[in-house]
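Sharing a structure with you now.
Letters are used for the chains, namely A, B, C, D and E, taken in the order the chains are written, and counting of residues starts over at 1 for each.
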Amino acid sequence: MKKSEEKPRPKGRPKKTRRERMTTLIMQAPMTIWAALFIIAPFCLLAFMSFMTKGPLGSIQYTPTLDNYKEILNPVYADVIKQSLVVAGWTTTLTILMGYPLAGFIAKVKSKTSSLLTILLMLPLWVSGLVVLYSFVILLNNSGIINTILMKLHLLKEPLALLYNNFAIVVGMIYMFLPFAVLPMYSSIEKLDPGLIEASKDLGAGPVKTFCKVTLPLTSPGVFAAIILTFIPCIGYYMVTDMLGGGTSLMIGNLIYRQFTISRNWPFGAALSVVLAVIIFLMVFIYTKLGGDLDDLGA
Amino acid sequence: GNDGSSPEEGGSASKGGTLNVLTWEGDVSDETVADFEEEYGVDVNITYVEDTNTILAKMLQGNSEYDVIDIESAYMKSFVDAELLAPLDYDKITNYENIDPVYVEKGAMGDEKLTYSLPITGPLYTGVVINKETCPIEIDSFEDLADPALEGQVWSTNATISLYAGALKALGYSPNSQDEKELNEAQALLQKIKPNIKAFGASSISSLETGECSVAYTYDYNILMFDDKANWDKFEIVPETTLGYCQYWTVAASSENQKLANEFINYTYSAESAIKLLNEWGGVPALKRELIEEGVAKDYFENPMLQEFADMWPDHEELSVSDEQTAIMDTLYNELMSGE
Amino acid sequence: MSKPIVSIVNVEKLYGDNHVVKNMNMNIDEGEFLTLLGPSGCGKTTTLRMISGFEMPTSGTIKVQNERIDKKEPYQRDVNTVFQNYALFPNMNVYDNVAYGLRVKKVPKAEIHERVKEALKMVQLEGFEKRKVTQMSGGQKQRVAIARAIINRPKVLLLDEPLGALDLKLRKQMQIELKRLQKKLGITFVYVTHDQEEALTMSDRISVINEGRIEQIDTPREIYEHPKTKFVANFIGETNLLDAMILEVKGNQAVIGTEVGKALVSLDPKEKFQVNDGVSVSIRPEHMKFSKTPVEGFSIKGVVKEQIFVGNLIKMMITLNDGTEIRINRFDAADLEETGELLYLYWELPWGIVIKEKNLINTDSFRDIKGGDPDEEE
Amino acid sequence: MSKPIVSIVNVEKLYGDNHVVKNMNMNIDEGEFLTLLGPSGCGKTTTLRMISGFEMPTSGTIKVQNERIDKKEPYQRDVNTVFQNYALFPNMNVYDNVAYGLRVKKVPKAEIHERVKEALKMVQLEGFEKRKVTQMSGGQKQRVAIARAIINRPKVLLLDEPLGALDLKLRKQMQIELKRLQKKLGITFVYVTHDQEEALTMSDRISVINEGRIEQIDTPREIYEHPKTKFVANFIGETNLLDAMILEVKGNQAVIGTEVGKALVSLDPKEKFQVNDGVSVSIRPEHMKFSKTPVEGFSIKGVVKEQIFVGNLIKMMITLNDGTEIRINRFDAADLEETGELLYLYWELPWGIVIKEKNLINTDSFRDIKGGDPDEEE
Amino acid sequence: MKKKKIINGLHKTYVLLLFLFFYAPVAVMILFSFNTSKANVVWQGFTTKWYLKLMGDSELWGIFGTTVLIAVLTTIFASVVGTMGAIGYKKSKGKLAKLITNSTYFPIVIPEIVLAVALFMIFNTSGFSLGIPAIVIGNTTICLPYVYITVKSRLVGMEPSIEEASLDLGADRIYTLFHITIPQIMPGIVSGAFMAFSLSLDELIITSFLADAGTTTLPMKVYSMMKKGISPEINALATVIFTVSILCVVIYLAVDGIRTIKAVKARKKPRDL
């Protein structure tokens, strides 16, 4: 009985042994350093720069100012941001609508076939996205392959304007991002317990009802991930707008790019980047609050 | 060959090493580079420019290892003012004599005495080009591009300077004007034209060829002119709308290989190099015609444009942009491009 | 027996080359609790899935209330299923899960509310309406699954090992609950399990399936006490099986010879036995008796190998001459025998069940179907 | 008892605020088969993981062969574990799995070969060396896991519900195999299960744990027949528990009063009972008797509610006046009683086990430790 | 049932059309690598001269080499750092750990250009010279989250007791890492590495911000050619890359097929027990 009257040992006794902690630390070190040096530090610097002043010929003067942010309030830039969001929104919507049935198909077939399909999906991008994108110019222009075929078939008299408009942008964007969007949707469809579909049918729901009430809600993590994976790069990917869109309207990606090249106005470019980052963070924040998991983004 | 300096005597000192050359596609032929590497026993790294501003920005940050830089005249002043360039070593550039005096006499805007720069080829022009077969109206000025009949038929360059300079010139101002009022007028003109514009971009040839557009305000039509004989009759420039400029070789002040850099520049002025360039890319030669006539296709000089381009050059005010102008134009440009 | 609500006639099922259900014939009566019992992979789930419509029979017909349903979609059948892993919709709370079947049918809101309440009460889950199903324990999930299925008032409820994932205590408790629920609702239950004790406790009738074939359909007691095949004898409860040959028939009794000695058995008068017939004799551990001296008519003996005290009984292991192990269960907590002691084995005649060898065709299911519906279709 | 090989002294374990193991004291003897038995979440796995080194006790000491090991890494301990889900290395075949422990220790190849063979023989898996572990059945995987653990010749083998994932038949078979193996190897087994039947069958001693506390450590028989607490009585086997009060003490016997009538019990002479003490009486279903006429000293009666035939026994459910349900198991396959019939309940005195209320402190584990090692530290 | 067949048929047709959409530009790319026109928008005639030119084009191959070199280095760095990170941070729940793991996701959830700008600035400010090392760092930063996520998901799916079993059998943590953990998460590492390699091959924005004088990658080259139209020579190179990739896939499938046939044969052997 004497023993049990002894005070319990201090609570601070480690849960893990020292060696285990050492091993963990060693494993963590590279990524920690990497994240600190090449992610956190650059973003801090970016934020810092956004408060500096542009000097002559594109140099930077280290006098703090809020002018860069005031400049962003100019309705011109609000328009640019809005325009970018609209294009990204369209692309994302269509990508999801087109990608979901494909993801469903890949999930349905045998695992061998599905990995083959995934590879085939990624393969064109493997080559060089830009070269393949350029092929769209050949395909879509007024005397391009599609118009020629349609006119030869007498389906058209006048060539259709397929290139240098939002249609072409969206087609190009879908081409670039659909493969990435399909992957997370595919994996969430695959994870879906087929028993649930059967349960729903068993309870009297037809295929459409089952899809709306069970399949879709349960695969929504994959859909959300696909949305993020399409929407975000869309905003910054200025090559497609340049190449296929005719560049008649400025996108935020181009705008930022211009600040660092043609305009040589880094602080303003930094401020734009910060604003863009904040907008995206808000979206991602909402995504995680809705129960999204950033891990789904890796597919 | 007919190059003045023999590689043996000039190159002995600079055997080995690397030369970083920043240039535009079409300003030096691949073969020439290979020949130079072989003759001088050096490595030449060719990097292609996307935008001169980017280079300027990088160099201003002190973050560049370029030796030879291919600059367009518009930025010459900025480079010179920022002391980014080293004076050329004319002792090394013995092929200087091969250059057509027309191009040397005028000098470059911001470096009129050609202390730092030498024109690479003959002049380039930005201007309105018409596809005679498809263009619905007569065009003889920049303002005509705003004609409603041209809706969705105009291709335009996306280079800010060319846009505003073209508009300024059309309004009767200096294309290099820094006057805010004048620039605002130019903006108003551009805004009128914009609804007609199908696409802004770099490469316009294809869209004129494919019938995507019937008119282009562009800087690369010269290539199209010389590329294919069939195009000579099909396309036409509107002389009133042209802006002229040149590309210049310069040597970076920070270069540790200045001697080799000058030797490289010199090498490109050999008749052999010039012929290779013309055969590969076409364009207006900077060298005296008699030195190269034999090396190129029989009909090369039959192109009527060739003479016209050369003749036009002395009357043109070369483009040159200042920092202030860039800033103003940039805001205007963003405004122009943001609306639907 | 009342009229059949489900009848399965000549049903065959093949997956590719894999013959999973073999010429199955079975009538399920209205309101009965029928259990499909058999080892893993014998085709129980497949049978159930054919009734619910998730699989098509390769040949044969399935009828519910005399209506051929094998061409109907699952969602058009008056049959509901309780899935082994519950298959609750994780994106809905308890209420929504249970209401699902009614919502799909566009039942008015007020009625849904009423019936969900009733169903939840039935499974004793009142007050859990708003709970997320992911936050419930196994037993609770099970009950939600049941509520969700019975709310549709199906004619037949199919349950595929509904208690498989629960632990022993909870399982016992749910067995009783389920049985009560079935009585209260009066719905026909078709219940799948591979746990023979569960089957014995709950069922009105048990259909023992082996490799896609019905071996016997009968009441639990009948199956336990009068297994028709060696497989059934072995699968239902522990048993000692002795391969033997009939040496002599004397009226209802016979002398049999095994490799380890002779014994007496009583014969089923309904079946014909002849001298030299090969038979198996099954004696349950609790019916195997022993004595320290030889018993009249029996000459099987062995030595005590092990004795284990398990809760309320003592398990004895006896090794015979040829190495066969015989198990004996004793319920009297008397003192243990010595390990190594020689004992003579015998049994009271009614408990030695004689099974004819080569008696494995499911004659029983044929008999069962004979009284079934007359209008069999092509 | 022989000398303890594992001793657990005053061990406490908290996960955050969750007090999972409470002042645990336990000695495990060399060569014994000790089972930790308790409901899900009571801390069995946690206890085992502290012995194997995957968790640190929050306070207290654990010794193996008088050596404090709680500061050693898991891989430095002479203790091996058989994990519940086997935890076989899926990237290796059977041979490599079993050889793993020896390879790690850089044992010469020839010896490894020898010992792997031996270990596989021990678990009857000769010839399976090249098989991928993913291609094996549950029972086979289980044996590989055991072979892999015993090849290291540990002093103590820890087994965490090793048979949990197997089906009933296989499980019974493996129970016997495991027990034999333990006897053959002479290694100390610390066995975790929540299946009381398994514990009763296999163990030398059982430690019944409830909510992190040891309720009783004893031989299976002692635990079954003389539970020290209500929890133990209830958890081990089915039982009928009656809350009562002592009305009169007559030597070794007492008259008790329950809400539904009086009864007689015999008292444990080692414990003191007084009139008015609150007690619980536990009577196993197989010991509960009934009679159609009242029995001397007993006045508890009830009506037959249900009778189920389960394999070898008949389960009767009797409802008392206050609604309590009493279960009776009858092994004689005599005819059933009528449902609704009134019966008088009684028991033979030795089978009515009296448990003092408020007797839940684990005095027993203290008693157990008293004879333990003398050199406890600071 | 009939309805089901029709729906399945429609589904198949849709997928077929989608793949047509994906491969039409590839077909065009291949076709136009045989185009005589340099501007390469209008078909002018068949030629194989671009392939001949490509063979002798040391500059283009040099660029290609640089691109592959960067991609390989990126893949190695991203795989090592990401894998170690995923293992190290598997169980960490602290605030700091959260900061690090969350910031690892930044590059995915932020437009590339923002990261490019930020990295460009930090290199400039710190005086770290631009060039291949900087590009590799930039590309690695982008690819890191993909490796991290795929490896992490393998780790999460991995039975934790398998590692414990190894420790229990006397293996220390390093031994366990190399003999148990890494073989288990290999598929995750491989798919992460694959992702990193392909992302890096096609990376333009970050690369062009971080490139120095002597460094050009294939995407940069392609983009700079936009001014005059992408030359058929580039198409030829892309076609070669594409063909090689297809060959890899075919070989992979063949090897895999042989393996399954073998496995099936092995399974047909008489079963023991």
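Quick notes
The rule is short, and it goes like this: a contact is a pair of C-beta atoms (placed from the backbone, for glycine too) under 8 Å apart; a residue touches a chain by one contact, two chains touch by 3 or more.
Here's who's who by UniProt: A, E = Spermidine/putrescine transport system permease protein; C, D = Spermidine/putrescine import ATP-binding protein PotA.
Note that the coordinates shown come from a computational prediction; the quantities given were computed from them, not determined experimentally.
Graph distance from chain A to chain B, where chains that touch are one step apart, equals 1.
The busiest chain interface, judged by C-beta pairs in contact, is A-E. One finds 55 Å separating the Cα centroids of chain A and chain D.
Here the CA centre of chain B is 90 Å from the CA centre of chain D. Here the CA centre of chain C is 29 Å from the CA centre of chain D.
Counting only residues that touch two or more partner chains, chain E has 41-42, 223, 226.
Shared interface positions of chain D, i.e. residues touching 2 or more other chains, are given as 73.
In chain A, the residues touching two or more other chains are 19-20, 137, 141, 143, 242-243, 260, 266. Residues 50-51, 53-54, 56-57, 60-61, 78, 81-82, 152, 158, 160, 194, 197-201, 206-207, 210-212, 323, 326-327, 330-331, 334-335, 337-340 of chain B are the ones that touch chain A when the two sit in their complex. Across the interface of their complex, chain A is touched by residues 52-54, 73-76, 79-81, 83, 85, 87-91, 100-101, 104-105, 148-149, 152 of chain C. Across the interface of their complex, chain E is touched by residues 19-20, 23-32, 34-36, 38-43, 45-46, 49, 98, 101-102, 104-105, 112, 116, 119-139, 141, 143, 145, 175, 179, 207, 228-229, 232-233, 235-239, 242-243, 252-253, 256-257, 260, 266, 269-270, 273, 276-277, 280-281, 284, 294-295, 297-299 of chain A.
Touching chain D in their complex are the following residues of chain E: 159, 161-162, 164-172, 175, 179-180, 183-184, 272-273.
On the chain D side of its complex with chain C, the touching residues are 39-40, 167-168, 194-197, 200-201, 220-221, 224, 236-237, 284, 286, 308-312, 315, 329, 331.
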